[in-house]
Amino acid sequence: MSEQKPASRNELMVVAAARALEGKRVCFVGVGLPNIAVNLAKRTVAPQMELVYEAGVFGANPARLPLSIGDPTIVTGSTATVSMHDLFGLYLQGGRIDVGFLGGAQIDKYGNLNTTVIGDYAAPKTRLPGSGGACEIAINAKEIMVIMRQSTRSFVSTLDFRTSPGHLGGAAASATLRREQGWGGSGPSVVVTDLAVYGFNSDGEMELRSIHPGATLDEVKSTIGWEIRTPANVPETPSPTAEELRLIREELDPTGAYV
Amino acid sequence: MRDAIAAHVHDGDTVAIEGFTHCISFAAGHEIIRQKRRDLTLARMTPDLVYDQMVAAGCAKKLIFSWLGNPGVGSLHAIRRRTEPAALAAGETLLEMEEYSHHGMVGRYVAGAHRLPFYPLRSYSESDLPKVNPLIRQVESPYGDGKIWAVPPLNPDVAIIHAQRADEEGNVQMWGLLGCQKEAAFAAKRVIAVVEEIVPTSVIRADPNRTIVPGLIVNAVVHEPFGAHPSYVQGDYDRDNAFYREWDTISRDPAATEAWLKEWVYDLPDRAAYVAKFGASYFKGLTPPSAPSGVVDYGDYR
Amino acid sequence: MRDAIAAHVHDGDTVAIEGFTHCISFAAGHEIIRQKRRDLTLARMTPDLVYDQMVAAGCAKKLIFSWLGNPGVGSLHAIRRRTEPAALAAGETLLEMEEYSHHGMVGRYVAGAHRLPFYPLRSYSESDLPKVNPLIRQVESPYGDGKIWAVPPLNPDVAIIHAQRADEEGNVQMWGLLGCQKEAAFAAKRVIAVVEEIVPTSVIRADPNRTIVPGLIVNAVVHEPFGAHPSYVQGDYDRDNAFYREWDTISRDPAATEAWLKEWVYDLPDRAAYVAKFGASYFKGLTPPSAPSGVVDYGDYR
Amino acid sequence: MSEQKPASRNELMVVAAARALEGKRVCFVGVGLPNIAVNLAKRTVAPQMELVYEAGVFGANPARLPLSIGDPTIVTGSTATVSMHDLFGLYLQGGRIDVGFLGGAQIDKYGNLNTTVIGDYAAPKTRLPGSGGACEIAINAKEIMVIMRQSTRSFVSTLDFRTSPGHLGGAAASATLRREQGWGGSGPSVVVTDLAVYGFNSDGEMELRSIHPGATLDEVKSTIGWEIRTPANVPETPSPTAEELRLIREELDPTGAYV
């Protein structure tokens, strides 16, 4: 193999997200970056993982990176292709999904997500795609992972719109509500960005777990709209392997359209 | 297609051209644009390019949806221009928006198709969606275990679905992503089925588990090869991803959008002319190699 | 089968051996009888011969059902003897009965499978069924259009389904009457899938729309050719109607019933011995000529 | 063709029931006698009729008389074979069924039916099959036809159990209730027995329409547990044709097991 270019920040993000899926069994794949991260995980740390696409596919085995979550390559060779009624009712709400992988335009410190509008709902500054399946994935998947680029516009103290609930106003209240209302899931566990990896502490608040190679703590803090909880010593996110980078560059996204 | 749209799609109707990424009847959308239908309420889980084009052409007054975008590419710019006040052109009005999640939209069609007054589901808790859509409500379980969310039935005036094949009676068979084509068709007052191929009834009856919609509920069957382009039909052709990206550029500019509609919709009489304008070799490039299903045996019981 | 029943069916469990006339796992029912399970609640839309046999063998304390009979023949006499006080034998108790309509039973499984607190439906108005089953209740629509009926979720401890084929991971494919096998399986805490044929995963993946239950929810896959006899498997063998009529005679007489259970269940180690006792030529007589489905193309997208 | 035996009463019943289906489009077929009548109609007066079996089959084209409503012959060559959830939800409750054809153990003068128990529900004298799909067919099919043998045990003034509603206590109240509660159907229109054919008058009460050849008005009246409404002149039910009898005897029920 010839000398590899060093990993870009997007590549660092995708690799860290893929690694977070190690050992997971059933993953619900969202549109965009989650799609790439999950397909990388399937080729590396989680070959046994079943990919579930909200389009109606269980056990997808895509021969190419799906261009969208409705790409025909997710159907051919899959274990089961079903109606969206079955997918959302039997698989997701029925409690069969271990990890829901979501993106978003805005996230707050409790992992609540906005994919609906920037600005006022009735007269938005920017109209975003909306929930799609995100709202119900956030409620029903056993665990939620988030992948998104971080900036003061996206990591905000107050969402313009709460599309998908995370830990609401804190873990204790969230856990009570989730139990009492029969939600299937326990909420977000991991957030991966182009700069760092975050978890959630026992209060349900986001907490820095590791910083990607090349990023600094100052940079991380200055791109978050609230004071992020930070342990005394922040480890560095392990670097991508040559094979991970090769898979992204040669197999999953050869045109560089997504990463 | 001309007759089917003329007979079954009227100004002011609620229209659902369904298909989740797969089997989207662009041919029907373009014919609706050509016939200059107005004040339509366009229902669809994922309004994509075809609805962006219909909105750009002035057909729509309202959207009922759950995800608004150009899948895998980005935004629907014509719709955004009718949604964001800052982008609104002079004389234009904002589109009415009625918004759900995917499961909610599926549930609306299911309730409509099953003639139920509501569909219960475990979405929406602690989301802001019910705050902006008063039709998302709570229902009390009669078994003492609290409240759950509900959406109301959606019964479109007309549902338009695309599929691989049907017989002349309109018995429709489909494989690959099934979306909510069945539920939308059963919920609708009228159904137009558009297919790549008309097959003898014996082909349908040889594999009855493959039928998603019976001719009983179909008002018009339209034979329209490549009628779903630039979306795809499993086994027949791939998504024309280059066009999905191209539309992102075209649709950012109202003038370019208008020019595209003129060249590819208004100035063409029908889908056959659209296909001919691309040329047969173009579609060959979108045709995948074969991946056969295998055969199962139903047994001949006499 | 022996291991699957031993591991997954316990005394006191709620068990659903589903299959509407088609694909009824008699093999599983007989193994449950052999392993002398007791106090089972047997759920099933149409308790037929297999439940009559299980009741006769003393496995059951309760039935949850919607139609009780020997389809096309008449009554289930062993069950009737445990239902009609005048026919009850000394020392026997009446079976508990929890009764719905077909749509109600389907709805119970759907609610269980979708993790819903209830399933709404337009049955039961002015029927006496809600009077004798307090679990059939009314729910108020949140859209101001009155009340509708509801049934509660049913989540069996174990669902047992029979089908034409599965791979070793338990991805199950089925054609012909689908009954409520999918809904019962998704509703259940544990699933046993019994199939005529174990096929390579590639066969399953060549036709993913044919999959009704994924291996994800299946706890045990059992290869049991002719495991549904005397019911049938579409394309594989016909219903053994002579036996359905014969059972009408046998089951009227407790002693004859006991003798039949001894000869065909207790004294045989497993299904293979049952099949061997009939002899291969017997099953040849039940095999229909071929009626192939035809092939569809999914396309190879790389 | 050799000399035919005259029609039996069961054959008269089946033929009269089949003829009542003339011109009907979508018929939901119940177990037992309706199954034979409907299959005869499909071969005679209603070749275009779509047979719907509650087992999950639309547009059945059975090559033999189905032994039960779940016979594999109803699947092979059918237009659509679907789950029972779809059959009861989309087809029946969805309002797509024109005629539901039912049998029963007891019927009253308003066409209410009992298929559940004779005697007390909790301690029955005879335990019958129960509703199956009958209760929802009675509520949701646009029109109901009934076929059953008549006797003072089956044509009763008071049902032991009302499994499936007919015209309840009379047409006016029934129509109001059906409309207000959103029932799909308008209730029973025809009852065919081994002795006669009945309709329903504007009060929703059963009324004699014709008497089969060989039966008498006295016999009809003496086998009904209430005073049946009878027009001044009761016509005779038209006799079966040779072809109808041939179809029953040679094709539909050659062993005479059902008719």
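Remarks
In this document, chain identifiers A, B, C and D correspond to the written order of the chains, with residue numbering beginning at 1 in each.
Basically, contacts are C-beta pairs under 8 Å (C-beta built on N, C-alpha and C of every residue); 3 or more make two chains touch, one makes a residue touch a chain.
Keep in mind that what you see is a predicted model, and the values were worked out from it rather than measured.
Two chain pairs are in question, A-C and A-B; the one with more C-beta pairs in contact is A-B.
Distance between chain centres (mean CA atoms), chain B to chain D: 41 Å.
Centroids built from CA atoms put chain B at 28 Å from chain A. Averaged C-alpha coordinates give centres for chain A and chain D that are 58 Å from one another.
Residues of chain C in contact with two or more other chains: 110, 115-117, 121-122, 145-146, 148, 175-176, 178, 182, 206, 209, 234, 238, 288, 291, 298-301.
In chain D, the residues touching two or more other chains are 57, 71-72, 75-77, 81-82, 89, 93, 182, 184.
Under the stated contact rule, the graph of chain-to-chain touches falls outside the line, ring, star and complete shapes. Taken pair by pair, the chains that touch are A-B, A-C, B-C, B-D, C-D. By the touch rule above, chain D contacts chain C in their complex via residues 31-32, 54-57, 66-72, 75-77, 81-85, 88-89, 92-93, 116, 121-136, 139-140, 161-165, 168, 177, 180-184. Interface residues of chain C, counted against chain B in their complex, comprise 115-118, 120-122, 137-143, 145-146, 148, 150, 152, 164, 173, 175-176, 178, 203, 206-207, 209-210, 234-236, 238, 288-301.
Only residues 110, 113-117, 171, 182, 186, 201, 204-206, 208-209, 211, 214-217, 298-302 of chain B touch chain D when the two sit together in their complex.
Listed in rising order, the residues of chain C touching chain D in the complex are 20-22, 45-46, 65-69, 71-72, 75, 79-80, 83-86, 94, 99-103, 106, 110, 121-129, 132, 145-148, 175-180, 182-183, 232, 234, 238-239, 241, 288, 291. For chain A in complex with chain C, the residues that touch the partner chain are 26, 50, 57-59, 61, 63-64, 71-73, 75-82, 86, 89-90, 93-96, 182, 184.
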